[in-house]
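In what follows, subunit A forms one complex with subunit B and a second complex with subunit C.
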Partner chain A sequence: MPWLALAFLSPGLVMLAALVVYPIGYTTWRSLRDASGRSYLGLHNYVTMFRSDSTRTAIGNNVIWLLVAPTVVTALGTVFAVVTERVRWATAFKLVLFMPMAISFLAAGIIFSLVYADNPDRGLANATVVAVHDVVSPAAAYPGARPRDPGPFTQQADGSLRSSRGYQPGESALVGLVGVRPTSLPAGRVPAVPTAATPGTVGGTVWFDFVPGGGGVPGAIDPGERALPGVVVQAVRDGTVVATARTGDRGEFRFGGLPPATYTLRLPASNFTEPFAGFVWLGPTLVTWSIIGGYVWMWTGFAMVLIAAGLAAIPREALEAARVDGGTEWQVFRRVTVPLLSPVLVVVLVTLMINVLKVFDLVFILAPQSSQDDANVLALEMWRVSFGGGQDQGLGSALGVFLFLLVLPAMIFNVRRFHRGQR
Partner chain B sequence: MRHPMRHPRKVTAALAGLTLALTACGSGDTGGTAATAAPSGVRLPNLAGQSVEVAAVWSGAEQASFTEVLRAFEARTGATTRYTSTGDDIATVLGTRVKGGAPPDVAILPQPGLLNQLAGQGNLKPVGSDAATGVAANFAPIWQTLGSVDGKLYGVWFKAANKSTVWYRTTAFAQAGVTEPASWDAFVQTAQTIADSGTTPVSVGGADGWTLTDWFENVYLRTAGADSYDKLARHQIPWTDQSVKTALSTLAAVWGKKGLLVPGASQTDFPTSVTQVFSANPKGAIVYEGDFVAGVISSDTPAKVGTDAKFFNFPSVDASPPSVVGGGDVAVAMRDTAGAQALLTFLASPEAAAIWAKRGGFTSANKNLPLSTYPDDTSRKIAQALVNAGDAFRFDMSDLAPAAFGGTPGKGEWKLLQDFLTNPADVNGTAQKLEAAAAAAFR
Partner chain C sequence: MSHRTAAGGPPRGVPSRVANRLGSGAVQLLLVLVAVGWLVPTIGLAVSSLRSAEDNNATGWWTVLTRPAQLTIGNYQKVLDNPQIVQSFWNTVLITVPATLLVVIFGALAAYAFAWIDFRGRDLLFIGVVGLLVVPIQVALIPAAVLFGMLHIFGSIISVIAFHVAFGLPFAIFLLRNFFAGIPRDLLEAARMDGAGEWRIFRKVILPLGLPALASLAIFQFLWVWNDLLVALVFADSDSAPLTVLLRGQTRQFGSNIDILAPGAFLSLAVPLIVFFSFQRYYVQGVLAGSVK
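Our next item is the complex of A and B:
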């Protein structure tokens, strides 16, 4: 009789041995050997692994992933599950939320690389941020413009321009700027003209000191050079701004009624600040968080569906009793729904934790090369070391074993629960 | 095609006669080179009934052009040829075929490292005397060195790539009133003038590490010279050497000057670095990369190569001689057959190069290939620079280094130059980190 049972079990056992037991064994064996697989290294690979900076970054990022992603996904899933219970068109709503699950990680990665594109004309994330920002603070008139170097004006650390000499009433200044973008030049091609000095005023001209096609004398108004209207100019005496003017259509400005003294001219930085271009979502600082955002988008639907199923199984009487006893909706949710739901929540959380530990595709696709190191996770490091240029499959196997050990507790936990559920 | 046996034999016999006649007159008036300079000057054996298999990475248009070359070979020798496209991973494909005991007669390798590797394993057959004569007559000596392992010639560099080309938008140059700079100082000045004119000049595709290694290599070859370049490529001098620091400082004159680089360089991938210069709404004026930029411009932007988009040779630094950093595809024999040797002889001839050169998308280092063969000015200038560089041609250094240092995204030289692009002031720190990474990879 046991023989018969064994015969029936054998196909399954053979598959299990070939596809699960053997690879685990071989990986462990391989992790004790060098890149070529020829010589035995003992635990050397494990030492190298923990000494490497990129493994340490990977572990750090995995911890962030493990703490943030499953929690956010489960929380959002719970919120959506509870909300969808009460709205009309709940099925349609759930369907839409669940849809990202039908997309592969690779496709989701490509979608989010578009969302996070730097250029606000292409990336949704930056388009939103820039639109909001521009409402709050509008863009400067001449971003990127700067004085000729060397010249009478120098750019200060704060971005403003300051004259290196002083002007007295009756004198006029020439403020030649370069690097003015074609897009910020006014439509009418108004040529710049020198502003004649009048007694008792400090005047001047702000213009684009560059002749299209080259030529011209730096610092002088040449034919064909255009005026820059709308530039804010300040007259400064002893460090305090005493007068402010804005250039007219011909680039001219004048400070009238100044008492005799020496004034320096200042063009505040607000004339020249670069337009806000959004965040570098996939740059070194934000990359992991941005990728987690993509992950949350994908998996919230999954969490919602499981939790909604759990919610449907909660005895209604308990909720109604709580309401009859005078509990507010929040209290009912907090004290009745969540405790009754906790077994489902734990399953979702643990499943996501296992899933998050082995995350690879999203990071691999979303992180550009220049920040791959900063977005590194263990599974990606394993790939990079074994195949992506490192070609050291011994070290890669060591990382694989380490990852396996990390996933193991969560697996055991889940299997145990499963057994209890059966009994 | 109907009489594959009879017809070509006649042609071959006639051509062989012609070759003899030409050799005779050639040696009469100008000496040895005249015979090889003649378009049909290469002598090939009669290979009727034999079959030659060629494996290369090329597919699509490149495969079609190369098939034309093979067809000419068939017509000349009577052999039949079979082309196998290996896909990108040629090393694996050839490795498996060698293990299986059935390598192709000829393989065309895209990486110099692979030539060394296969020759070292004893999987290549040395080039025969006919082909060796062709290589000596048609190529600068450097190509002979590059095709040799331990003093034995194994390869014929059939196709070459010029990675010392700086591409620019002609309207931006006209707007700023500047012309193609010939020296590095003039280049920096040109960039500055374009910046003054209101256009951010230089676009760098820093999200792809290899574009940065190419920048560095071009500057290093010009500041340190070819000898130091060879030493650094083999890690015989450390990356903390003064020559490396000089090259990094030179680079920083462009990378680190405010307003010269299109913002977001380290997040810009290579295709975007090209399109943002040549698109309808351009953000830059100059982009440096190899001759393949022309392909990206043609396929991804409205600009026309040769009118809207032109290139100049990577400027010389402190009057350094014309030099070219580049790459190429080398033909090697993997079996000891007459067909394989004959094909190598043919590929070393200007005649074979001319077939593909006429069709476009091809650069040859063959100095006896008339420049008039190229279909347009741009490809002619690219080839001219390559031939003019002569022995000052050097391979892309990062391709010669172990992959862990010179070829891994987010690691080694790629990553460190990306960091340098973000912080070009850190010359010493970058040199030290490069040395540490190189020391680990060159173990």
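Our next item is the complex of A and C:
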């Protein structure tokens, strides 16, 4: 009888022994030796590993991954599973969310490097962020514009322009700007006109103090020079803003009804700030978080499908009873659904944690060369040290053993769970 | 909804029902937005693969909404004319198909022994296999490289296949053994009465009845191997590199060669998507059974 069993088992067991079990032993042995494998080093590789900056960054990032990714994926999966329970097109929804599970991390990496492209004209993430930002706080009308120098206005440290002299009601100011970008000029080519001074009013004109092709007098409105509408101008007295106006089509502004005094004029920095260009998603600060975003996209469907299967197994009576007792939907969810679901949630979390510990491809593909050190994770570090340039297989083995030790609790969890299922 | 009230729940007034209806409308709208959000990145890749490099560098893919004329299949023509890319696509097939078949065959054989043949130490051995489910492949990369080097197969397609088979087996055995164990004992006994040996029972009873599980496993393994980057990156040389490894090389100069990357990535994910949509039921079952890998 054992011979028969052996015949059935041997192809599989030989493969497992040669390429999974024996390697665990070999790697452990190898991790105690130097890069060439000739001399014994004791635990030296492990000391080097924990002292190296890149391994430390990798461990830190793995901790972020471990804390954030499984939680977010499970939370989203739970919400979607519960919500779609009562939606008729739930299957279609699940299919859409599950679809990324079928594609490679490589393809997902390429997909998300398109999404995360810096330029808001090309990257979807920045295009969206910029569009939302511009609705909330509109873009400056004339980014980069500055006063004619020398002239009555000077640029302050905060980016605003301030008149160096005071104006009294009845006077009018000439605010000539240069450095206006052709793209921010209004379409109409409206020539600027000096604003006539009227009693009781401080007025003025904001215009582009530049004649195409050259010529013209700096600080004066020459024929052909164009008005700058939509510039915000403030009248300031003793350091407080007392009136605000916006220039009209001809570049004119007026503060009427000001009590007699001396006012300085101020053009706030918001007129001139550079347009918001979104975030550097794959730059050093955000890179790990952005990659986690891609991971969430790939795995939420998995969590949702598993949790939905768990939900379907919950006895309806338990939920009904809680509802009859007057529980709100949230209470029912919190007090009945989640506890009954907890075994499934634990399995999902553990699966994701193991998976996240081994995350490699997505980081490898998505993190550009310049921020790969900042996005480093253990599996990537292992590859870099042993194959991708490092060629130190002693140190690489130590990293492999370290990764293996990290998934050991999950192995024990699995064996226990299986053991319980058997009884 | 109405029978719930009839069953003794608190009576609900008209306003609450309207609120419910509105709430459900809002939920549905939100779900539609989420689904669209989930699809958009992939659509972005698909559309980008159909635009020229100049267009892709100048504007976002969403400009096709207003200028559909910019769509072109030129990138795909270029990619399909590139012998390296075509070769790597075939390498992917040559790696994936044998690696899938071997895992299914070896896995089914072992699973049958674990489920239906009594031998000493069986449960302990099986628990050992369950333990191997989570072993990270990083722990085996270096020893396997050394081993393949000694066997003079390092860099070949065979080495990639062998590694995939080994690491696919714990899950295969686990999944199939649980399924085979659920086959009614009577069926096996009946076959045994008719004088069938173990091999015959395996072929005539277990394999046909275990087909759903075998299908789940095959799809799961197929996608796993097809999508792999790391194993092939370590073991395959440039002649046996699959599509993922080739494309990874191209990402080093990202931006300048999006006209190769986008269609290449789309080719690489088209096959898994077709498999997924054709057999999604089996695949989902495989994933459900395979959680904790």
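The definition used in the following text is that the second predicted complex is superposed on the first by the 278 of 423 C-alpha atoms of A that agree within 3 Å, B and C clash if a C-alpha of one lies under 4 Å from a C-alpha of the other, contacts with A are read in each partner's own complex, and residues count from 1 in each chain.
FYI, contacts are C-beta pairs under 8 Å (C-beta built on N, C-alpha and C of every residue); 3 or more make two chains touch, one makes a residue touch a chain.
A quick note: this is a predicted structure, and the numbers were derived from the prediction, not measured.
Contact with neither subunit B nor subunit C is seen for A:191 once the two complexes are overlaid on the shared chain. By the document's definition of touching, of the two partners only subunit C reaches A:386; subunit B does not. In the superposition on chain A, A:414 makes contact with subunit C only, not with subunit B.
In the superposed pair of complexes, A:159 makes contact with neither subunit B nor subunit C. By the touch criterion defined above, A:327 reaches neither subunit B nor subunit C.
In the superposed model, C is the one of subunit B and subunit C that contacts more residues of subunit A.
Of the two partner chains placed around the shared chain by superposition, subunit C is the only one that A:347 touches, whereas subunit B remains out of contact.
When both complexes are overlaid on chain A, the residue A:146 reaches subunit B alone and has no touch with subunit C. Touch criterion met: A:358 reaches subunit C, while subunit B stays clear of it.
Within the superposed three-chain model, A:403 lies in touch with subunit C and out of touch with subunit B [touch as defined at top]. Under the contact criterion defined above, the residues of subunit A that touch both subunit B in one complex and subunit C in the other are 368-369.
The part of subunit A that touches subunit C in the complex is made up of residues 1-2, 4-5, 8-9, 11-13, 15-16, 18-24, 26-27, 30, 80, 83-84, 86-87, 92-93, 95-107, 109-115, 117, 121-124, 127, 297, 302, 305-306, 309, 320, 323-324, 326, 347-348, 350-351, 354-355, 357-358, 360-361, 364-365, 368-369, 378-379, 382-383, 386-387, 393, 396-397, 399-401, 403-404, 407, 410-411, 413-415, 417-419, 422. On the side of subunit C, the complex with subunit A involves touching residues 4, 7-10, 24, 27-28, 31, 34-35, 38-42, 44-45, 48, 56-62, 105-107, 109-110, 112-114, 117-120, 122-123, 127, 129-144, 146-147, 162-163, 165-167, 169-170, 172-173, 198, 202, 223, 226-230, 233-234, 244, 247-248, 251-252, 254-255, 258, 261-262, 265-266, 268-269, 272-273, 275-277, 280, 283-284, 287-288, 291-293.
On the subunit A side of its complex with subunit B, the touching residues are 54, 118, 144, 146, 148, 178-182, 185, 208-215, 274, 277, 280, 282-283, 368-373, 376, 384, 388-391. Contact residues on subunit B toward subunit A in their complex (touch as defined above): 174-178, 193, 195-200, 206-209, 259, 263-264, 266-267, 269, 403-404, 407-412, 414-415, 418.
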